[in-house]
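Input: structures, listed below.
Each of the next two complexes has subunit A plus one other chain: subunit B in the first, subunit C in the second.
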Partner chain A sequence: MKVNIKSLYDEVNRCVYCGFCEAVCPTINLGPHRGYGPRGRVNLIKDFIENKKITTEFLASVFSCLLCDACLIVCPAKIDTGRIVRDVRSIIRNEYKSSINEKITIRER
Partner chain B sequence: MVQKNIEDFINEINGSIGKNKIITDDLILKLYSKEPSGLVGKISAVIFPENKDDISKILSSAYKYEVNIYPQGSSSSLSGNAVPLKDGVIVSFERMNRIKEVNTTDNIAIVEPGIRIDELNLFLEKSNYMFPIDPASQSVATIGGAINNGAGGLKGAKYGTMKDWVNGMEIALPDENGTRLFLGCMTVKCRKGYDLARLIIGSEGTLALVTEAVLRITPIPESIVTSLALFDNLDDLLDSFIEMKTSGIQPYIAEFMDNKTVEIASKGIDINFDANGNMLLLSIDTTKESSERMKKYLENLFKKHNANKIITSLNQQEAEELGLFKIRRNLFAAQVSMGYSLYGNGKKLQVFIEDIVVPPSKIKLAINKVREVSENYGLPVTIGGHIGDGNIHPSVVYDITDENMKNKVVSWYKDVMKIALDLNGSISAEHGIGLLKKDGLIMEMNHYNSLKEINIMKSIKSLFDPKGILNPGKVL
Partner chain C sequence: MDVKDIMELLGEITIKTGLPVPIDKSKIFEWANNFNINRKGEIYLYTGALYQLIPYINYTVKYLDSISKLPSGDSLINLAKIIIKISPYYLSSIIKPSIKEINENNAIVRNIAKLLIKIDKNIAYLYEDDIYSGVLLYDMGLDDYFSIHSQKVFKSFKNRNVKKIITIDPHTTHVMREGYQKFVDNYDIEVINYLELLSNTNIDLGKLNKTLTIHDPCVYSRYENIVDQPRKLLKSMGIRIKEPKRSGKNTYCCGGPLESLSPKFSEDIAKSRIDQLLSQSDTIITMCPICKANLSRVKPDYAKLIDISEILTSNI
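Up next is the complex of A and B:
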């Protein structure tokens, strides 16, 4: 199914930056920075939609998510980060093909 | 382009604390330059110290190269306290989050500044202890951030704010060596000349960086009776609260929401009762033997003041089963969703949360006045807060692209602060001054004919931070 970019953008744009999601995210304390948590992922995806720029840190953020949906339960704006991450992964794979795999480097602190 | 002094600073830090503690990727820098107030700044790097020596090295180099330092916990502050205004670097404490010692005989916990309040409490619960400062953001708010913002919370009526729960702390100064000092004492009682520990609390990262804190902890109460009461008439609610306070009962938690706020906050949550009217949520700590007596007292009090619904629990487990805290916990989410139902889904919204405080005896006047002013502006304002200590949070959600509405909100914000001052209150109880309340601080100093305080504060700032590199542009 083709991802609706407009609705994806509207959803990430709802983030009020409270950070409540970071308290329940299993990956944020393992990664080197905020991009390894839902608040970071949502805002990096927002940036990606606006600027179409793919960086190593962006890829690490999107591909380090465990899709556990813990963040959805505590998000005051009800942002479904797990589903958004799945959608963005499919966009990246479709548009940038398999070469992207080599660029994914998930780092520990 | 990165300024030369910042580039030299980053090179020196790379050598002294290690490359894996510094990030300069543009996209990641953006993530650290925002906060929930909606303000956005710009920086050249984020540095993640892992110990006290790292902090001293960072400050020493920052002093040498005159680089602005913005200390940051979890960026959950609401007054622009953690936003980098001018170029510089953020020092994030997220990797300094250890609990170093808990001593229940001495009633202290020694912690690093990056520990989140909830994480600390989870650990203390094993010993049946707690750290009682509980801002609504406690799941992410860090101890370092709470110290620097002078944070409070739901239990403020009984336990006060951070200034009452920090015995001592180690700080690092922005000087040649990043000199570290231990302020205050390990004990509650402490007469070490001027109380510099209390000076750091609420200083919003403008004087020094906190590297370690000696916190007071307290046993979790044996039993907590909680009553949720709904009133058609707001004055009845406020009268019942004032009667209780006057009779000598000090609530553990005393939260209030007006009827409009209750209506939006009770939507979409799983509760087994109709929530109509203005809500008072009251918890009193007791012993098991006196719980029934307190329950009856509260029910009689609320009945006398015409409550339309009263639900009371004898302990915390029962309170959770009855869902008594659900409406309060849903407040922030409800404010956000109210915004989308008002302005549509594609909009960029901002929730603006006021933070005034008045003496509890004046709370009735303050709430009625805020309601009147908000109605005059025609803004979608919700009113709730920690009624027990006189701290209320009138909040408005608005579309940040609508200039007309933005101007209205700024004007409303000033009028609300004026209401607090006219009732012998203050413009900020627990969120701090940051960027958003600098005008309010001057307004308050003028109101109390105390403008010279600003000069004294500026002198203190230059003693601690002679080059003005710590969180510049904030507070003063």
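Up next is the complex of A and C:
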């Protein structure tokens, strides 16, 4: 199965930056930046799809997600961040594995 | 520890051994020793091995995390990667979780099997074909490994003419429905979860005078829509259910999925959750081996964590 990047992009593009998701996410208060919450994840993923650039913050954001989907319940745009993050992990693995030289670590605040 | 190392080790071990940790396969079906369950039937209990594996997985993760923190940690992890590529079983002798934890989890599987046999004595068990589902590979996006592994599992089902399976935990239920559907061509296995199955029967579980707090696993409530079924079963026993502020569709994660990637994150989330649960009652019901293991790391001594199957079999 190959992840459909176009449909992923359409979904993350629906984010209206309302931030309701940040109120229910268990990881946002533990990390050092907003990429540790759903709104940050969705928008870092959007930026990644647009610019094809992998940053340390982006990797920490994608791998610190619990896939718990608490954010989906409150999202007015019904963005399924859990499933999106899973698919983005797969894209990183399949297409960018050899270009990631630094360690992927989840940083505590 | 570097997330890339964890993923590489997990993928390699699963492909080489069929399990995410290098242990003897008989550990998965040892719960069925001296238990009377058929080998052949129309419907099969498929545990996906998660309950049985959790003590081994958690022990391995802690072990790897502790060696990665040593001054020569990077070299030791690289050595582990090399050893696993040669033969993962070289590492099996160092994986020694507590026997108590192993026995407790085997007892949960046995309790679930008891419930299934009570509603239909023809339900069969896969024994050596009760293979790990590969759900951790799927969740981490290790699709190259997951694709190979899921096809192996499907092939073993086909060899045994399996058409319908009963799953017993949220993660296995979800991956057998969604993950396998995406990765395995002609996938046609009907998947039913045991709580769904039991709640559709008139099973008489007897009565139990207890007040309990319920902890919904995220994957049951938000991915698989299993919220009412466990409540219906508990209420049929006269049990008083206390709901934490975050429950049902709005449940709060136990932190377990991050246990291998960031033990500190995972523990902090578990602490928040256990406080929410204990504000309702001292006894908490879990329905997932990952939730139970992660919450038990942070629970105070007076609190009790019980898998729902233990409650449902109180009178059986």
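Some points to look at:
Just so we're on the same page, the second predicted complex is superposed on the first by the 104 of 109 C-alpha atoms of A that agree within 3 Å, B and C clash if a C-alpha of one lies under 4 Å from a C-alpha of the other, contacts with A are read in each partner's own complex, and residues count from 1 in each chain.
Criterion: contacts are C-beta pairs under 8 Å (C-beta built on N, C-alpha and C of every residue); 3 or more make two chains touch, one makes a residue touch a chain.
These numbers were taken from a predicted model, which means no experiment stands behind them.
After superposition onto subunit A, the partners subunit B and subunit C occupy separate space and fit alongside each other. Of the two partner chains placed by superposition, A:4 touches none, neither subunit B nor subunit C. In the superposed three-chain arrangement, the CA centre of subunit A forms the vertex of an angle with the CA centres of subunit B and subunit C, and that angle is 110 degrees when rounded to a multiple of 10. Once the two complexes are overlaid on the shared chain, A:106 sits against subunit C while remaining clear of subunit B.
In the superposed model, A:13 makes contact with subunit B only, not with subunit C. When both complexes are overlaid on chain A, the residue A:63 reaches subunit C alone and has no touch with subunit B.
Touch criterion met: A:22 reaches subunit B, while subunit C stays clear of it. After the two structures are overlaid on chain A, the closest C-alpha atoms of subunit B and subunit C sit 9 Å apart.
Once both structures are placed on chain A, subunit A residues 24 are touched by subunit B and, in the other complex, by subunit C. Residue ranges of subunit C in contact with subunit A, taken from their complex: 1-4, 7, 138-144, 147, 182-183, 218, 222-223, 249-253, 255, 257-258, 261-262, 264-265, 268-269, 272-273.
Subunit A contributes residues 10, 13-14, 16-20, 22-24, 32-35, 39-40, 43-44, 47, 53, 55-58, 74-78, 109 to its touches with subunit B in the complex. The part of subunit A that touches subunit C in the complex is made up of residues 1, 24, 26-27, 30-31, 59, 63-64, 66-70, 72-73, 82, 86-94, 100, 103-106, 108. Looking at the complex, you find that subunit B touches subunit A at residues 20, 23, 25-28, 30-32, 34-36, 38, 46, 48, 74-76, 94-95, 116, 118, 137, 139-140, 332-333, 335-337, 340, 345-346, 348-351.
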